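By letter and in written order, the chains are A, B, C, D and E; residue numbering begins at 1 in each of them.
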Amino acid sequence: AEEPIKIGFLAPLTGATAAWGKPGLDGCRIWAERINAEGGVKLADGNHPVEFVAYDEEYDPAKARTGATKLIREDEVKFIMMLGGDPWPGVEPVADRTGMLFSTLLPSDLSPDTTTLVAPCEVHPAYIVTGVDWLARNRPELKTAVICAQDDSLGLPSIATYLAAFEAAGIEQLRRPLLFDASTTDFAPIVTRLMSGNPDIICLDTSYSDYVHPICQQLYQQGYQGQIISATLDFYDQIVQKTSKEFMEGVIFQFPDFDDPAMNSDTVNFKDANGFYEEYAKRFPNQWGAVSWEYAAIMDLWKDAAEKAGSAEPADVLEAMLDGGTGKHAFGDATWWGEELFGINHALVGNWPVVMIEDGKAVIQEFGSIPDWYDQHGDLLIKHMKEYRQMWDQRS
Amino acid sequence: MRNLIFLAILAVALVFLPNLLSFSQREILVFLTFNVLVVATYRVMTLTGEWSLGHVVLMGVGAYTSALLSKDFGLWVPFSVIAGGLVAALVALVLSYPLFRMKGFYFLIGSFAAGEIIRLLWKWSGFRNVFGGTKGIKGIPAMPDFSVGFYSFDFFEPTSYFYLSVVVVAVCLLILWRIEKSPVGLTFHAVHWQDTLAQASGVNIRAYKTLAFVIASGFAGIAGALLAHYIGTINPNSFDLDVMVFVLTWAIVGGTTTFYGPILGCVVLTALNEVVLRQLGFDQARPLFYGLILILSILFMPNGLEGIVQKFTPRKEAK
Amino acid sequence: MTTILEIKDLTIRFGGLTAVDHLNFSVEEGTIHGLIGPNGAGKTTTFNMVSGFYTPTSGEVLLKGERISGMPMHLVARKGLVRTFQHSTLFAELSVLENALVGTHMVYKPNIFAAIFGFDGAARKAARERAVEVLEFFGLAPHLHERAGDLSHGHQRALGMAVAYASKPTVILLDEPFTGMNPEETRHMMELMRRLKSGGTTILIVEHDMQAIMGLCDRITCMSFGKLLAEGNPSEIRNHPAVIEAYLGGARHVA
Amino acid sequence: MLLELRDVSVNYGPVAALKNLSVKVEEGQIVTIIGSNGAGKTTTLRAMSGMLPVKSGEIHFEGKRVDGMAPHKIVANGIAHVPEGRRIFPDMTVEENLRTGAFLRKDKAAVEHDLRDVYNRFPRLLERRRQRAQTMSGGEQQMLAIGRALMSNPRILLMDEPSMGLAPVIVEEIAVIIEEINARGLSVVLVEQNAVMALELASYAYVLESGNMVLEGPAVDLRDDETVRKAYLGL
Amino acid sequence: MLEFLAQTGLNSIYAASYIALIAVGLVLIFGVMGVLNFAHGELYMAGCYVIVALYAKSFVPFFVAVVAGLIFVGCLGLLMERALFRPLRDNPLAGLVASIGFLMILQAIAAMGFGVRMENIPVVSHKVISFTDYVRLPVARLYVIVAAVVMLTLLWFFLKRTKFGWALRASAQDPQAAALQGISVNLTAKIAMFIGAAYAGLAGALTAPLVSVTPHMGHSVIVTAFVVIIVGGVGSLEGAVVAAVIYAVVQTVVTTFYDGVLADIAGLSLMLIVLIVKPTGLFGSANRA
């Protein structure tokens, strides 16, 4: 075999944020085994196996900067995947100087200043409009909603997006969104507050599963009977156990299980989703969640681009990736998009699934189109994003 | 004389140090330089016997101030760094009023609460347009590059920034050292060991505690500002309890009776954690080994790393 | 003779307990004045109020006619009144010399900017000279660089006085300076106090060692249950029936 | 023999504080140890009650070897120690302090009896039984420390400068107490600066100097010894 | 509105209960050992993981697992006493560092042994006591409240009414003098560490099914516990309980009526105000600082 290609994995592996990095690394290692078994990446100079080099950035910009330097200058990686968020601005100067290709899970890291950062997988939070849109079409009787979220860089843009989506759908907000600190553990008071105006919909925004579970449990125990919508619902089977099938019936969220039959559809680009899911579940039982597949999905995209370019050099790969302004997103063909929100078309946006719990199991309802929604309601989104100071030129 | 030779050797060593290190180690070296200043200022704080848990937040005050002044008001970065130090000192002065009503354990937790309130204000959505909320501030202007004939400083490069910060930190350390060795420093010690007797000797202990707190915070603010202009981004989590705990352990594992003890602790523990343990490849187990190192070092060297140094150097004057 | 320290109607209450109760007495300049009384009579508490450690419930303390009661301790010290403590209270971790240097604090006020830029050389030198001089006076010169906490008990008490004396006070309050000293040391210490007195320092002393008190004091105030019991010169006090009854007893084991 | 130190040496770090010291206390005897500051008197008492480990030598109590045992086990054999510096429990009330002295005793009625006894001797303590010990005056604390030691109903009482800081009347009271409890069969080891009183009370005396035993003998003899008179009695 | 207030009241009682259980242990350890146990939050976390290991993964009955959690974490406390705090007695700063080291080890063990993701713990009881439609108390929360009341009463009785309580307080104030009264300082240290840790473990075990169990969950708990023991006055158990109630009410009410971030600010400000007015906390005494 030829010289292996090294890919950097720069995400939190220890500390409180490790759950956003570690499972992704696990997923990448499975991805690498599967690809390498097929002969690796086929470049102009032959086939190369892929190898991941991880650096634990502890969700700290300074450590991330050190890690990026190490991965680029010492390990000579060709591509670096990051979780993004707080550490990204620390890495930004390194990216600008070295021209290294980076990816993030959070498009809110994008800005026109950095041309080598792409957000090719999770178009957080834009995808959530599809869920609200579905709800409005299928459950027109729901008229009012409240939102709660942790006060951080995931929660806030997501709140703005939900506000836009609800407004577009004609659903009224009973009160302004309720924010809680990331260290909250007891959600009873928050749930009491959420339920106080008898809303038709309670929206959990992009709360992490650490929060979603206790919130759902509290909603159940305090006797909530309305609709729940959430961006993620990782380990929803556990929530079903803790509440009841009836209670969870009809909850809407956005992250499908990869054993969903709909994932075998031709329009889905994630390679052998069912097989990947099976393998992951075998090795890491009960650990499947959004991050498990997202980094791997980015690797699919990267591999296609590298093979198309015949080279693993960052500049070549980036060019091939962006070529034609379209790309094969995990959930279907998509376009490079985002100029208005992020100042640069580096987010790969297309369809996104709307998932609903049916009889205790997540089932994909449809793949909704984000650009289509944006074409109609883009001004609303921009309005709310501005209000929450989430536009790229407002993000200080 | 011996001291001068020692300092000369140290200076030469510092000039060549970056060349001996790998790229990422140079990055670590830069951060280490700031942290040396932070832990040295922390020592000044603890000279009066009060252990604060708000120190890194005050460092953060310096960082936020300098970042905002240079970014939003276009202040020349070297000035904004100094302003960062001044504002941190000022905030410490204000905080000293409520905080020094308490002492000992109460002060420890009181200072933590005060720091946490400041940090929460940075985070709070109400002030998001000033402090940037949980995401903090990014795009902080870098130190302006310049060249001095034979060497051009490019402050993106860790080596350049290291030279700059080593000079700044050295000047700060010199000042701190002179303070500690002066009658003022002696009075700090006196306040620590026996505050009633110090008072009976005419020492206004509250004023001296405040003085130590303000000085320590001011220089910590400078360290914070240096950090901010290097990485170009800061956020409330960069100054949270986890970071404070590291400073605390550096100071104690290094030793509490000498000026250089905490610095030694900072250098050794950082090298172990960031270089050795990472090189050994203990991904997830790294905190475990770091914890073990802390425990073993404190069990076997209850007097800190400085105790070892003292064993091998002749004692000049009994302290 | 002029009155330097005047205690007027001094009273303090702790909860229901009146520890010092309308106490009145005054101390003449340049004398050694004894304050005695049974345990718990309120002597230390009186000291605490005079030196600013406690704020009296009522009444006042005048130093050279100026009211000092209720002032914080360091301000009282700056007025020229310093004290020692009943238990050996020292900067145990500092050297003997450093202890005395802290004592000179009021005389040579340290200044932080001078310290940083090195303009305080003269003051430092003078402070050191004063410290060494005082330590020599109290016989501690051989121990300059020892840790104060390692000194023997007697030396610690001497050092306590040295720290107080280093600030060139006009009035010194000594709380049981002779406890834990053997007769030989006590005698030596008494001699030093007489020399302080002849140097013009006024001394107010609390002590249970009757030999020392009687031999040293010009005047003695005896208090009991927070109130004044008797006042007079040593022989008057020694023979005062109320004092014998409340305090001296048969004096079987005291001289 | 009730308590015996055989060739005991004790160090503080590298510094020798006691050097090959031998002390004997007979049943029912009052023994005193005198010596100048820093001679090692306190150290001797601490070694006896196990507060300090001995470096070499043996300590026997009622024929049982006790050196090396934990202090709480040693005192359980019947030793009570009035330590230097009083060491009362500052945040407990006077009565709680006294009752702690009887921690090991199971005979409730007798404990109550002894408590009343202590209160009778020091009425001041009764008056202040609910006061926090820390706020007591120096002398009151000393009374409390002595009272606490008496509460343990010991076989032998080690007293480190019990008269320190006490008014002359109370010093007399202490002397009376020592005589009385001795009459009840208790042995006492007395360390005093007030050597006059110590030699008057004791039947046997030791003189310590820099950790060495320089003189010993019946108290009456030492009282007449020229060096002792000069150095310790101030005569 | 009335219902709303009543539910808020129930929420506060629950919050006060589990905060008090944790804080009381921290107070006890600080009081007797003189060290600030930074690892206390991780002891709580360990209690949660006992439930994960026994109840969630091995199907041991819940209450058996709770008792096991209490004992196991109590034993962790004993381990800390023996291995860390005893050799470092008289050196509170060193003890602090050792507890920080221990915290890191516990976190790493949990992360490596169980993974960094939150754990799945099956519901203990689906039962909910409904006072009205909107005033409800889940039975699982009731367990915590009952446990807190029972355990705090027991502890109070133990400390105030038994000889050992005295011994504990005596050796907290002066270990050497306590030894002279026949009190074994090692024993009292062990008792304090066992009880202190066990209470944290109990709180962890009981609340595990109600919260998200992750290796880093101890962090927020310790911060709350600090605030509570300071407001109550260091070394005072009654103070810790009263402060837990006050803090829980403030947190709950502000969260309910405004938002969670503000509630944190309010809680900390409350604490600063208490300290400014009374620098030794509500029940504290000056010299224990």
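Here is the rule we use: a contact is a pair of C-beta atoms (placed from the backbone, for glycine too) under 8 Å apart; a residue touches a chain by one contact, two chains touch by 3 or more.
Just so you know, these numbers come straight off a predicted model, no measurement behind them.
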| item | value |
| --- | --- |
| Required minimum of steps from chain C to chain D, each step between chains that touch | 1 |
| Length of the shortest touching-chain route, chain A through to chain D | 2 |
| Centroid comparison with chain D (C-alpha atoms), farthest chain | A |
| Most distant chain from chain C by Cα centroid | A |
| D-E or A-B - the one linked by more C-beta pairs in contact | A-B |
| Length of the line joining the C-alpha centres of chain A and chain C, rounded to whole Å | 74 |
| Centre-to-centre distance between chain E and chain C (centres being mean Cα positions), rounded to whole Å | 48 |
| Interchain centroid distance [CA atoms averaged], chain B/chain D, Å | 51 |
| Geometric centre distance via CA averages, chain E-chain A, whole Å | 36 |
| Multi-partner residues of chain A (each touching 2 or more other chains) | 14-15, 18, 22, 151, 179, 181 |
| Chains that touch, pairwise | A-B, A-E, B-C, B-E, C-D, D-E |
| Residue ranges of chain E in contact with chain A within the complex | 4, 7-8, 10-11, 14-15, 18, 108, 111, 115-118, 120, 122-123, 126, 128, 130, 133-134, 136, 138, 141, 209-212, 214-217, 219-221, 223, 251-253, 255-257, 259-261, 263-264 |
| Residues on chain E engaged by chain D in the complex (per definition of touch) | 163, 166-167, 169-170, 173-174, 176-186, 235, 285, 287-288 |
| Contacting residues of chain D [partner chain E, same complex] | 49-51, 70-73, 75-76, 80-81, 83, 87-92, 96, 99-101, 103-104, 132, 134, 148, 152 |
| Of chain A, residues touching chain E in the complex | 14-16, 18-19, 22-23, 151, 178-181, 183-186, 188-190, 192-193, 195-196, 209-211, 213-214, 217, 221-223, 235, 238, 241-242, 244, 284, 286-287, 289 |
| Residues of chain D defined as touching chain C within the complex | 36-38, 85, 124, 135-140, 142-143, 161, 163-172, 175, 193-197, 200, 231-234 |
